[in-house]
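Okay, so subunit A shows up in both of these, paired with subunit B first and subunit C after.
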Partner chain A sequence: MSNNAATIELLYKMADDQLILGHRNSEWTGFGPILEEDIAFSSMAQDKIGHSLALYTILEQLGERAPDTVAFTRKANQFHNCILTELPNGEYDFSLIRHFLFDTAEALRFELLKNSSFEPLAQVARKVRGELRYHTLHANTWIKQLGVATEESVSRLQGSLNVAIPYALGIFEESPFEKELITSGIFAGEHELKALWINKVEEVIGETNLQLPDWKLQTPILGGRIGKHSEYLQLLLDEMSEVFNIDPTAEW
Partner chain B sequence: MNSLDPRVIRLPDIGEVGRINPKPALDQFGTYEVFVLPKEGKPFQHEGIVHAPNLEMAYVLAKETFTRRFTCASLYVVNTLDVFVSPLSEGNQNVYDQIPQILNQNSAKVNYEIYHLPKRGKQHVHVGRVSASSPEEAFSIAKEQFQKEKIVYNVWVIQSTAIRYTMNEEKDLWLTLPEKKFRDAAEYKGGEKLKEFLKKSKR
Partner chain C sequence: MKERLTISKIYSWLDEVKDPEIPVLSLVDLGVVTEVEINGEQVRIELTPTFTGCPAMDMMKSEVIEKLKNNGVANPQVEISFRVPWSSEFISEKGKIALKKFGLAPPPSNKLFTDLEILGDAICPRCSGSNTELRNPFGPTLCRSIHFCYDCKEAFEQFKPL
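Then we have the complex of A and B:
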């Protein structure tokens, strides 16, 4: 298959996004603002890990190493997640904004992939639709409500939004295979995805008292897709793979 | 803070050691009642309660709190304050015997949903809808329409417009894996794993 390298690159960045953000979001388990939100956020984190497993499994079928090996033994510079997903949680406002910005892109990405010419990926895209529907409902509801609630909630979200936007634009860092992916019908490409994402983000934020920056004045923070990460990723990986590194055969 | 959990170490410092700050009064959200449709064709049943700042948020939180594990076809929520509750009956007494018959009132009518408690300690189950001009009249009409031989221990009445239903286009929220048993504590055979581990370490 001639498009193998392009497909593998696409799958790795998607799977790594899901794994790293899934892990980050799971750090809230037991610390969420209220019990019900703790459950919902943890459950969505678990969904994300599940999505990463589905994608790593396709990669294994394409000749890559087993999902656990890929997840737990690579170094930071071998990961292809965007930097947005690895940033520390900070306070809940940042996690919510990241959840909103990332999951909006993720839902749109899978929507585009539903009819991918690469059938295994199209299947996963159709399978995760219900879960993503909830993730975006959850994110949009919180943002729309806190975005008009109190002076504190609006200013906290605005602060986090200002920090997160340049990183969020890094989601759409183009791969060397954009043309190939588009012409072979595997994926419509980062450029198209970004345009859809901007529309959707503007629509939701437009219903709040939050302000979006001028997109033209924003410099995307890139590098994640080629393994150039912030200092936070290796720390996350060390923590995530602690048990695996003590005993790679451990089962629990 | 000292902990083996790195996430605890990362928490911001709150308050001073040894000093307990009293919570402000009424710092809790109100409660919302959650009803779940486990399968198409079955009735909605009361599943539990969520805390939430408002009805829409209650819907969002209820979905994951109550339907993340097992099959579900639909869900709705209502503010606890919008649930009218009959008296509880004693022993084998049918609660409908305690509900007074009210003469048909001729003012504007709205829809009310009716729920029965068919077994003590179980959930309330949706039995149908009546049109009435007050909750009291709704109880009375329910008595005429839904009182059968079987004992009903408690009745709930909720005005239909107070309910946040699942809209048709939202039903694909549950188009996921049908059952997520891995999310069920009982599916995690911790005891067996421990036994196996102890056996291994004896050898």
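Then we have the complex of A and C:
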């Protein structure tokens, strides 16, 4: 049964990442700097909330509460998303950098999970990884363009990159179940994922005028995976669940 | 006398159920019907989502249930499953022709690409021109991208390869 606890922990953190960043992406609807970006962030929001639903549905099959209940009734300290996903959108340069850093990791995570020994997760991973290629294509295209475009675009992205990197390293906060997940073949683990991520991030940033910090000198900002969040998460949850909480028993 | 149920009869019913967002394309041509099973009087259908977050999925499911009930199947079981991950390769030739007529470029074969760069090579569904440019990998629905044709100077959409 301990494998079950490990799987549940893994599913919650993944599903919560998708839901929270999906919500943040949806905040660009109507506010994108150009119409195409408005559509792109809105579409990625829809994808991510769909991915969270697929993962919450597996959790329900493992005996957890229904997806809507889990999404709309928990308090901030019951969420396991990494802090990177809950930070406010800021300006477009921050949202773009976060999207690039997070989705690079997420695409690699689902790549690793496509052969998971936990078949329901492997099935979702085989599906989602194809969709995430559009997210990474989008992120890489803009990072490569704006990362060499003008003095302003490069300095804005650089500023956001410097702020976001310690939070992005928090994506890989290890769970108490790393060993079990690895030995049972459910997931290759955060350590391996982080190494793949660093390679990919270096490859894309290497094609721009942006500078990556020395990884060894960075202190990851942790806590999200164990429910210790920034002040921004509860505000996000209050807004996200506002309509649901008017009448939690309403039929939609 | 009641006619005997057959798999092909069920497929012909499902061919009458259309994608709610692309009404020229049936669920069979879209390739989302991944299993049809008859067990005595019981019918079980498995559907696979095109895109995980596709909001039309629930509607497709209820339309399938309705179609089967209208044809006398009591209590049909319709499941949405990721068992067979949908690919744009599942769209039938008939479906691709219907898409083009509808003004939506059919997805290029994904056997040809390893990178999404092929998205830039869309063929305009109106003038068949190839002098086109990808404007946005995201469009009005999750399954469409937005392109521009320099031959007929019109924007168009393509069903995304997946």
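Just so it is clear, the second predicted complex is superposed on the first by the 247 of 252 C-alpha atoms of A that agree within 3 Å, B and C clash if a C-alpha of one lies under 4 Å from a C-alpha of the other, contacts with A are read in each partner's own complex, and residues count from 1 in each chain.
The rule we apply is simple: a contact is a pair of C-beta atoms (placed from the backbone, for glycine too) under 8 Å apart; a residue touches a chain by one contact, two chains touch by 3 or more.
Note that the structure is predicted; figures quoted are calculated from it, not measured.
Superposition note: with subunit A as the common reference, subunit B and subunit C are in steric clash. Using the contact criterion defined above for the overlaid structures, shared-chain residue A:Q46 touches subunit B and also reaches subunit C. Contact with neither subunit B nor subunit C is seen for A:N4 once the two complexes are overlaid on the shared chain. In the superposed pair of complexes, A:N115 makes contact with neither subunit B nor subunit C. Once chain A of one complex is fitted onto chain A of the other, the partner contacts of A:Q123 are limited to subunit C, with no touch recorded for subunit B.
In the superposed model, A:Q145 makes contact with subunit B only, not with subunit C. Touch criterion met: A:E239 reaches subunit B, while subunit C stays clear of it. Residue contacts after overlaying the shared chain place A:A54 against subunit C, while subunit B stays out of touching range. When the two complexes are overlaid on their common chain A, residue A:S155 makes contact with neither subunit B nor subunit C. Looking at the shared chain after the overlay, A:N77 reaches neither subunit B nor subunit C. Within the three-chain overlay, subunit B meets subunit C in a clash at only one of the listed stretches 8-16, 98-106, 134-142 or 170-178, and that stretch is 170-178. In the superposition on chain A, the residues of subunit A contacting both subunit B and subunit C are 36, 39-40, 43-44, 46, 127-128, 130-131, 133-134, 137-138. In the complex of the two chains, the subunit A residues touching subunit B come out as 27, 30-31, 34-37, 39-40, 43-44, 46, 88, 127-131, 133-134, 137-138, 141-142, 145, 239, 251-252. Across the interface of their complex, subunit A is touched by residues 6-7, 10-11, 29, 50-54, 56-57, 60-65, 68, 170, 172-176, 183, 193 of subunit B.
Taken together, the subunit C residues at the contact with subunit A in this complex read 49, 51-55, 81-83, 85-87, 116, 119, 135-140, 142, 146, 160, 162. Remark: subunit A residues 36, 39-40, 42-44, 46-51, 53-54, 120, 123-124, 126-128, 130-131, 133-134, 137-138 touch subunit C in the complex.
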